[in-house]
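Listed next: structures, encoded as C-alpha cells.
After this come two complexes, each holding chain A, first together with chain B and then together with chain C.
Entry: the complex of A and B
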C-alpha cells in the first residue's frame, strides 16, 4: 500500500472510531434523566412567562377582533321578523311561514301556559333550517336591537324532520325561560341547568328506580313525591329534569298569570313557589306532576318486535330479488 | 333501454341538477388563530411550571411534618374549616380503620393524608395545573420512607362533600403493606406515575371499564366488536392480538405507560410528585389496569407479591421469579380474561364469514324453494 493511501485509510478508520465513541457517549448521556428544575429555576420561568402570556393574550384578542370585523363587513341576507306568542323570530323571508308553524306548534304544545316571561319577551330567536351546511344567518343590529339573541341554526343533515327541528326549538325556548330563574334563586338552584325535559325518560327512570321515595310517590303518598323531588331532603331520587316537569306542570295548572306568580315566589322554598304559581296546595301540585309523568310512561316491551320486523323485511326483500333474477333463476 | 337503467340515469341526472356545479362554501373560519394557539401554549407552560412549583413546595414540608406527627406510622390532617367536626371525625376513623385492617404492614413506612387548600404555596394570579387532583408523594426523608396523599380543596362545601369519599389509600396501601419497593420496581412505578396501583379494588376498575361507551366508530355486530384501545399503540394492539412479547412491552416500556395528559406527565417528570389521582384513563389499558398490582396481590398472595415488590431485578425478571411465570404471558391471559383477544391483520373475523355464508345459504334456500314451486302456464 502506498503511503498516501495508507494515510487516507488510517484517517477514515480513526474518524469511524471517533464517531462510534461519540455516538456511544451521546447515547449514554441521552439515557440520563434530565435533572428536575429547582424552586429558583421554576420561579424564574414563571416570572419570565408572565409578561409573555399577557402579550400573547393581547395579540390573540386583537387577531380575533380583526376576524370578527372582517365577518361583519361581509354582505348580509334579507330577513323577516315573525311573532309567535311573546316570541320574536328573525328568519329568512322564504322560511318565515315554516318558522311560524314550527314555533307555533312548540308554543301551543309545550309552553302554552307560560305567559308573562320577561326573558322570552326580551330575547330574539334567529332561526334557519338550511338544506346544506351554510354560513349561519347573521342579522343586523337593527333587527335585534340590544336584545340577547338565541340562535337556532339547523341543517337537514342533522335535523332531518320537523320533529327534530321542533325539539331544538323547544330546547332553545326552555333555555331562555330558565334564564328567568337565575341560579342564585332557590327555584333556579333546584331547576339546575338541565335541558328541556323528556317526560318519557323521567317516567321510565322514575318508575324503575329502586328508591323508597319513588315507590311511596307511586303509591300516591305526597311526602314520597316531595322527597323524591329533593324538595325536603335536597337530594333527588328522580332525574334532575323531573324538577322542570313539575315546574311546567304547576304553570299549566295555574293558567293565566302563573309564570308571573312563579317569578314572584322564586326566592321562596321551591314547593311553596310551585304551589303559589299553580294556585293550589302542594298535594295537588304533586298529584298533577305524578299524573303527567305516568301519562307519558312509555309502552315499552322487550324491543324484539321492531328488530324482528326489520330482519324479516330485509330477508323478504332479498328473497324477492333472488326470485326475480332472470339470469340465474333456477326453475 | 331497460327501465331500471332509465330510473338510475334519471336519478343521477336529478342529483346532478341539484348539486352541480359545486358551489364554493365560504364558512367563517372556526379554527383557532395562530395568535390564540400561541397564547394557549404559553399558558400551558406557565400552568405546568406552577404545578411543579406547588408540588415542590408541598414535598419540602409534608414529609417532615408527616414523620413528626405520625402516630402508629400514620399522620392525618383534615381540611381546616369550621363546622366539619362530625365529617372529619368519621373520615379519621375510616382512615385508621383502613390502616388497621392492612395485613401485612411495614413498620418503618410513614403514611400521611393531608388536606391542603389548593392554592397553598402558590403564586396568586398564575394558573395552576392539575390543581384539585390528589397528589401522591413517595420517597425517603432522613432515612424514613413515606407515602403521602395531598388532597387539594377549593372551598369548604367542596371539602365537606369530598370527605365522605376520600377514604382509600390507593397506591399508598401497597407502600404501607410492603414498604419501599426495589429500586428498579420503583423506577417502573414512577414511569407509569403509579398507574398500575391507582385503584385498590380491581373489580371496580374492570367494571368501570365495561361501563365505558364503545369508542366512536366501533362496529358492533351480533355482540362482536373491535376491541377497546383500538386506537392505542401498536404494542398494545399486538398484545390484544395474543402476542406475549408485546404484552410485556406494553406494561414495561416507559414511553407506553407514561400519563396521557401533557400537564400531568410533565409535572410528574419534573417535580417530586409521583402521581395525580383521577384524570383521563391511563395507558396502556385505560382504567382496566388501574388495579393491576392489586390483582396480582390477590391472585398470588402477599408473600409472592412482597418478593416481587422488593426485588432488585428488572420488572420482567422480578415478576417471573416471584410469580413463577413470564410477565408477558400473564398479562396476555389477564387482558384476554377481561376484554378478550382479537385477530390481528386485515382479514375478516370468522364470525362475519360464517354469518355471511349462513345468510346467503338461507336466501338461496328461499329462492330455490320459490323457484321449484313456481308453475308456468
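Entry: the complex of A and C
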C-alpha cells in the first residue's frame, strides 16, 4: 500500500474509533438513571391529579347525558311484535320475518320443552340485526310495558351469519331462563352463571378427564356421574356447563310441565329437583345425561370411508384437468 | 414407461424429500413429547388436559402434508418446463398418458414420507401408556395424512400441468370471485332482506373445506390420541 493511501485509511480508522468512543460515552451518560422520586413525592403527584380526574368524570357524565337526550329526541322507529313460543320479540317491521325464523329455530332446536317459564313469559326481547353500526333500537314503553327487556343488537360486522345470530339469541334466551333459578336457590347455585352449554365441548373434556368419578360414570356407574357433577360432594370434575346440560336434559325427559316442576323444587337438593322435573328417578336422569353427552362426542376417527372416496373423486377430476392441459400446443 | 418416469422424478425430488421424511417421522413423536407414563402407570392429569385441550403440534400435520404435496407436484413438472417439453414430446405416448404416468410417479413418491409418518405415529403411540377412555389412532392419522398430501399434490399437479399464465388466471380468478362476492353480498343485502346473514365468503369456505369440498380432508380431526 502506498504511503498517502495508508495515511488515509489510518485516518478513517481513527475517526471511526473516536466516533464510536464518543457515542459510547454519550450513551453511558444518557443511560444514567434519574433520581428516583420518594414515596411522599409520588403521593403528592397522585393527589395533584385529583381535580383533573374529577373534571374528566363530570365531562364524561355530561357527554353521556347529552347522548341520551339526543337519542330521546330522535323519532322512534316503527316496530312490530313477533311471538315465538312464550317469547315476545320486538323488532323492526322489515326484520319481523327474519326474527321469527331465527327465534323459531332456536326455540325448536334448543329449548323445546321449556314451557311455563315465568321469566321467559315476562321478558321482552328487542331484536335488531343492523347492516352497519347504528344506535340500538329504542322501543316505546307501550311496546314493552313494565317488562324487563333483553336486547339482542347485532351488527353484520360481528355477526355475519345466521349461525352466529342464532348463537347470540340462544345465549340471551338461556340468560333469561336462568333468572328463573336465582343464585340463592340450591339449583341456581349449582347451575352457576355459565353460558348456554356446548355439549360437544363438555363431551370431549368429560371423556378425556383423568378423574376417577368421570371414569366410573363413563363405565355406567350412576354414583360416579352424581359425584362427577358435584351432586354429592359439591366438587365437579366436569366442566360447569355440564350442570346446564343435565338440567335441560331433565326438562326434555319430563316433557310438558317439566319446567314448572323444576321451579317447584328449586330449593330442594339439585338431584331431587332434577328427578322431580324429569318425572323419573335419579338413575334415569343420570343415564339420560350420559347418553346425551356421549351422543355429542366428537368423531374421533380420521374420517375414513366417505371422505376417502370424495378425496379420490377430486383427485381423479384434477387428474383429468391435468391431462387436458394446452401446454404442449402453446409451447 | 412408468419406471423411467418414477426414476426421473425421484432424481429431481430425493434431496428435497429428506427433510420432509425426517419431519414426517418426528412430528408424531413431538406431539406426544412429555406424555410418558407416570408412577401410577397412566398419563398425569395435567398432561391429559394438554392432550384434550391444546395439542399444539397438530396443525403442523396438515401443513406438512400440504408442503409435501406442493413440492412433489412442482418437481413433477419442473424439468418439463425447464427443457421446453422436448423429452415429453420425444416419447411415443399421448399427452394424457404421459400426464397420468407422471402423476402416478408422484403419488408413489408420496408414499415415502407417508410411510415415515405412519412409522412415527406408531412409535409415538407405543411410547405412551393411555388410560381407559383415550385411544391412539396412528393408522387413521397416517391415512388422513396421505389423503391430504394426495389432494394437495393433485391440485398443484393440475395447476403445474398448464401454463404459468393459466395458473395465474385461475388463482387470481378464485381470489377475485371471493372478494367480489363478499362485497356484492354487502350491497345486495340492502335490497333483498332474504339475503340477510348470508356470507358468500363463508359459503365458499364452507363448500371448499366442508361438505365434501376438495379441502375437506385438511380440516377435521387430526389427533393422534383422542377419545
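As a convention for this text, the second predicted complex is superposed on the first by the 230 of 331 C-alpha atoms of A that agree within 3 Å, B and C clash if a C-alpha of one lies under 4 Å from a C-alpha of the other, contacts with A are read in each partner's own complex, and residues count from 1 in each chain.
Just so we're on the same page, a contact is a pair of C-beta atoms (placed from the backbone, for glycine too) under 8 Å apart; a residue touches a chain by one contact, two chains touch by 3 or more.
It should be emphasised that the depicted structure is a prediction, and the values quoted were computed from it without experimental measurement.
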{"item": "Which superposed partner A:146 touches (first chain B, second chain C, both, neither)", "value": "neither"}
{"item": "First, second, both or neither for A:256, with chain B first and chain C second", "value": "neither"}
{"item": "Touched partner set for A:36, first chain B, second chain C, both or neither", "value": "first"}
{"item": "Residues of chain A touched, compared between chain B and chain C (which is higher)", "value": "C"}
{"item": "Partner chain in contact with A:193 - chain B first, chain C second, else both or neither", "value": "neither"}
{"item": "Partner chain in contact with A:205 - chain B first, chain C second, else both or neither", "value": "second"}
{"item": "Contacts of A:322 with chain B and chain C, given as first, second, both or neither", "value": "both"}
{"item": "First (chain B), second (chain C), both or neither touched by A:218", "value": "second"}
{"item": "Shared chain A contacts, counted only where both chain B and chain C touch the same residue", "value": "315, 318-319, 322-323, 330-331"}
{"item": "Chain A - residues contacting chain B, complex", "value": "33-34, 36-37, 39, 42-43, 45-46, 49-50, 52-53, 56-57, 59-60, 62-64, 67, 71, 132-136, 315, 318-319, 322-323, 329-331"}
{"item": "Chain A residues within the chain C interface of the complex", "value": "94-95, 97-98, 129, 131, 156, 159-162, 165, 203-205, 207-210, 214-215, 218, 297-304, 307-308, 310-311, 314-315, 318-319, 321-328, 330-331"}
{"item": "Contact footprint of chain A on chain C as seen in their complex", "value": "42-45, 48-49, 51-53, 84-85, 88-89, 95-96, 99-100, 103, 131-135, 137, 140-141, 143-144, 147, 150-151, 154-155, 157-158, 161-163, 166, 186, 189-190, 193, 196-199, 202, 212, 214, 216-217, 220-223, 226-227"}
{"item": "Interfacial residue positions of chain B with respect to chain A in the complex", "value": "25-29, 33-36, 38-39, 42-43, 45-46, 49-50, 52-53, 56-57, 123, 126, 269-272, 362-364, 366-368, 370-372, 374"}
